[in-house]
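Reading through the structure tokens given below for one structure.
As written, the chain order gives the labels A, B and C, with residue 1 at the start of each chain.
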Amino acid sequence: MKYLLLFLLFMAVPAFAAEFSTDCLNCHQQDAANRQLQQSAHAGLLSCADCHGEDHKSENVARRYVSAEVCGGCHEKQLEEHRNSRHGLGLHAGWGCTRSMPDRNKGECRFCHQKGDTLPISTVQCARFIKQSSEMGQIGCNRCHMIENSCGSCHGNHMTSAKIVQDPMVCAKCHMGPDHPQWEAWKTSQHGTMFNSLGAPSAPDCQSCHMPTGSHNISAGLTAPPSGQPYAAVKAAAQRQKMLDICQQCHARGFAARDLKNADAVRLQTLALVDEARRIIRDLDDRGLLDPPPQTRLAHPQRGQKLVLDGTMLYEDISHIESLFFRLSKYAAAKTFKGAFHQNPDYTHWYGNAEVKLLLNDIRGEASRLRERGSQKRTETAPSEAGLDEKALEVLQKRHERGELSDADYAEKKRQVLEQILQ
Amino acid sequence: MKYLLLFLLFMAVPAFAAEFSTDCLNCHQQDAANRQLQQSAHAGLLSCADCHGEDHKSENVARRYVSAEVCGGCHEKQLEEHRNSRHGLGLHAGWGCTRSMPDRNKGECRFCHQKGDTLPISTVQCARFIKQSSEMGQIGCNRCHMIENSCGSCHGNHMTSAKIVQDPMVCAKCHMGPDHPQWEAWKTSQHGTMFNSLGAPSAPDCQSCHMPTGSHNISAGLTAPPSGQPYAAVKAAAQRQKMLDICQQCHARGFAARDLKNADAVRLQTLALVDEARRIIRDLDDRGLLDPPPQTRLAHPQRGQKLVLDGTMLYEDISHIESLFFRLSKYAAAKTFKGAFHQNPDYTHWYGNAEVKLLLNDIRGEASRLRERGSQKRTETAPSEAGLDEKALEVLQKRHERGELSDADYAEKKRQVLEQILQ
Amino acid sequence: MKYLLLFLLFMAVPAFAAEFSTDCLNCHQQDAANRQLQQSAHAGLLSCADCHGEDHKSENVARRYVSAEVCGGCHEKQLEEHRNSRHGLGLHAGWGCTRSMPDRNKGECRFCHQKGDTLPISTVQCARFIKQSSEMGQIGCNRCHMIENSCGSCHGNHMTSAKIVQDPMVCAKCHMGPDHPQWEAWKTSQHGTMFNSLGAPSAPDCQSCHMPTGSHNISAGLTAPPSGQPYAAVKAAAQRQKMLDICQQCHARGFAARDLKNADAVRLQTLALVDEARRIIRDLDDRGLLDPPPQTRLAHPQRGQKLVLDGTMLYEDISHIESLFFRLSKYAAAKTFKGAFHQNPDYTHWYGNAEVKLLLNDIRGEASRLRERGSQKRTETAPSEAGLDEKALEVLQKRHERGELSDADYAEKKRQVLEQILQ
């Protein structure tokens, strides 16, 4: 019964303590689940047992929770497409969030770790949280991050009406909010406003571009993967052509190509601004000026007590300037380029670019304060001239180790510092 | 004529200087209000005078403004249900907002105070503002906070179409925004997205869960009261069962019960984070480190020149760290648990929990700055060792007075401080 | 071919390298553009060449991009109304945003400057950005700021369906977001929620009030111009009467007049709060306390290296306290009064007024920190008593120059400072 939690989360079927009778409906005739099934496209085609099995005591979580594999028994092509898309990635990482809670559910370890292994399974992106509760994991994280193994995420569990999944709002539930507002960006773009007036197929919705011909591989045509590591040029170019095949249904191919190329440029320009902010904070950390410093904080599950400013950054127990950076990189930068790829001026500029630049102002201001505070402290503890230069040498060494300074640049800059001492 | 203001606010009827003629329509035939009435369900059933009375000079504000009592003359059951719900609470507190304005409207005192009484009427929650204008009170506050006595808030004044009040968007006007985005949370939850695709009754809207069988007691089934003071366990349990009766129409009762129990847990976990932030700021105040300190600011209408961080907190003329706390407790924390009770992962997590934790980072950073600033000032004014310890004793005393330290803990901690002096 | 960029931006027609054949359809029969045209109201009435001309090599950008003038050939009245409205203003200022980029497109200068002139053309509001890329200009800025010369902004290019422009969502694409959320404010106001339930004409949408009788002068009835400089009283009064003519279709004129007058008051009260924040920051600048000071930053394209806090304020490379002011004045203050004019309590109060006041707290806190930092620095450099007073005299002089102090007040305050020296 150890996987019961998962089962209970999303199922509209009561927990049962006895074995199934051969006819489930003897007890479950009046259940909402049965009523929904009888009104669905599956009515007359499927019995309860076809999906859930017949054994109340079974440990077979796939049938209790009705995993994607069960649906794939009939919908084979759709399951394969789904698994090949980024919807099929191991997004369940959120389960790992309970890591450092004293009352965490031990059974949840398996979502990130193989038995006896302290490193996460390679297909798991990262445990994003260090102090997340099991309940938040269920409501706040895995209501979305269950999709790799749950067709019901989009289709619903027993209703499975085509109307639900043909409505672009079905995507809104997860693809919204501060971190990736694709739904809001589409809805208020010219595409979305025309969809509101004319409907499909005159104007495109989520499905038109990301599920053309009904394919469940929603990643076809995407050139920027979620990991942040760009696709190889050949793959990216092929993906782009797939998307342009769709754009061409309404636009001249050349026009659409230039529009998406502009969005590519906006993405790179935005990442450069993120990098500028990141360098400011790394430099503060090199000098020991973060407040509090990473060395005194809860350990990052993958990196330990170190500054983490990449895609696996956490938002808990970090310093104020890192908090600003989280908003800049995870929220504002994401809005900028997701807005651009969805042709939305307001998300690209006001929610995106303007916010990136305002936050960069704030980060620079806070960095100035922290540097001044650092220099005051040095004055108070009256360091020698040599002491100051030792600090400078240490910072250069750290930058060299990170690969920010080439061997030649490192040698040259070290020489400059040493010359200052000699003067 | 002193209540004319109220009347004019929401009525589509011109001010009149003479007594009504027996037949209002002699003058008001062409009024928009009359046209709307004639197209409403009340057409042929009600004359102008039935609701507004017959006297142009009347001081009877209930009839000029057409208060809920007037409608209750026919719709008795609905009025009673409404009055018993939190919609019936004295939410008109916003009127008190003009308290310290030199040009405030004296007639507005009566909304919070009985004649001659400086304390607010007990049914009034609190005057939230200290420097709010009469105009902001009308447009910004009481466009919503008039509901206890205005059926027109939801139904409209003369149209009173059933279509208006059967549409969940009728609730959006007030139940939206940074402080309680119930409408947005529902709309982008699986409930809301399915409602978009399938409509009622296949998917639930505001009315399905909060006005089942058309009841006007919209508080049935709610376990967390607006005051922040939890219901007694027996009442809360009874309320929960009422809600589960509704959930059960579509879900297994056990599933729904566990889902709402998870939301209960998320609420308590969130309140604990709010409390952590509150303690940091109280401690700063105990040490006199807030900038500016409450003792130099405009007085809170109920508490005077003291730090207020509970439900009656104001957002005007407070220090930066309190400003951060206001956003944390009033906006982000509220989104977290309102999001959870509405089954919305994005409001629960990204707009809610993540924001609570980011703001907590910001509060800790600002507290660190203020403490450092405080210790610099102490160094400048060169206090004796004893002086520092006196401060520590003072802080302990304040915490004891607030009930944060038990008698025993207070004695023990005091002993420790005194021992340090003796060393 | 130098204006090709503009053309390519919004046209669903491929770039062509040869002259048009007399019959465009020999090549373009299967183009999406042609299909859309054939399904539009223009089908059978217009050929490709009627709008685009017949010459592939032509420099006639008006026909390649199909500027408003081309449409105006038939739709003369609509073009004139459009040009007389604020939609007809030179909003293309965004093109100037590439000013300081090393790889800017030189051809873009003409959008702000006449040949050989370094000052912007008077009808151009301002180049808002100093470091904006051409791509951001295209996607983020001019997707909206093209409206003065593009009927396609609203009508679409080849579809031109009446359904598109009769839907209030057509306005959403541009009139949304942090800086002017008119669409969101309307949509969640009582007007918008009733529109959702009842549709037009029972409830008003954007077009009902801003394009009555189908006029393309969307500025009729507006009393607050975009420049921030109020209309003369006579013009403002006439504009108001135009709006009340529309309100009167559903409301008593007196009721509507008072409601809009309240919004006028809210606007002035809000501008007073903006002014309070502006004075705090100007005073810091007078004392040289901004970090970094304007004198060390990239020059504002119109004002040079000076503090700019009016409508032409930029958001790039400014100090943290100015960043806070940008959010206060451009976002929160705008929401307050745009919310009020659209009768939306949540935008007026929570997104507007409350945010203005929270940001004012933050600005005061940051100003306190900067002043304290300034006084520490002065202490470190050990200035004479006279030195401090000289600073005070300098600040008075700057305020006098800006017109904040009258001649008499300046003389009086100067006398007070000098007396302090003599004591």
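The rule is simple: contacts are C-beta pairs under 8 Å (C-beta built on N, C-alpha and C of every residue); 3 or more make two chains touch, one makes a residue touch a chain.
Please read all numbers here as calculations on a predicted model, not as lab measurements.
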Turning angle required so that subunit A lies on subunit B, C-alpha fit (0 to 180°, nearest 5): 120
Same vs different contact residues, subunit A with subunit C, by half of numbers used: different
Computed distance of Cα centres, subunit C from subunit A, in Å: 33
Contacts with two or more other chains, residues of subunit C listed in rising order: 369
Touching residues (chain side subunit C, partner subunit B) in the complex: 188-190, 192-194, 196-198, 202, 248-255, 258-259, 262-263, 265-266, 269, 339-340, 343-354, 357-358, 361-362, 364-366, 368-369, 372
Sites on subunit A touched by subunit B in the complex: 8-9, 11-15, 31-33, 36, 133, 135-136, 138-141, 143-144, 156, 159, 161, 163-164, 166-167, 169-170, 172-174, 176-179, 183, 291-292, 315-323, 326-327, 369, 373
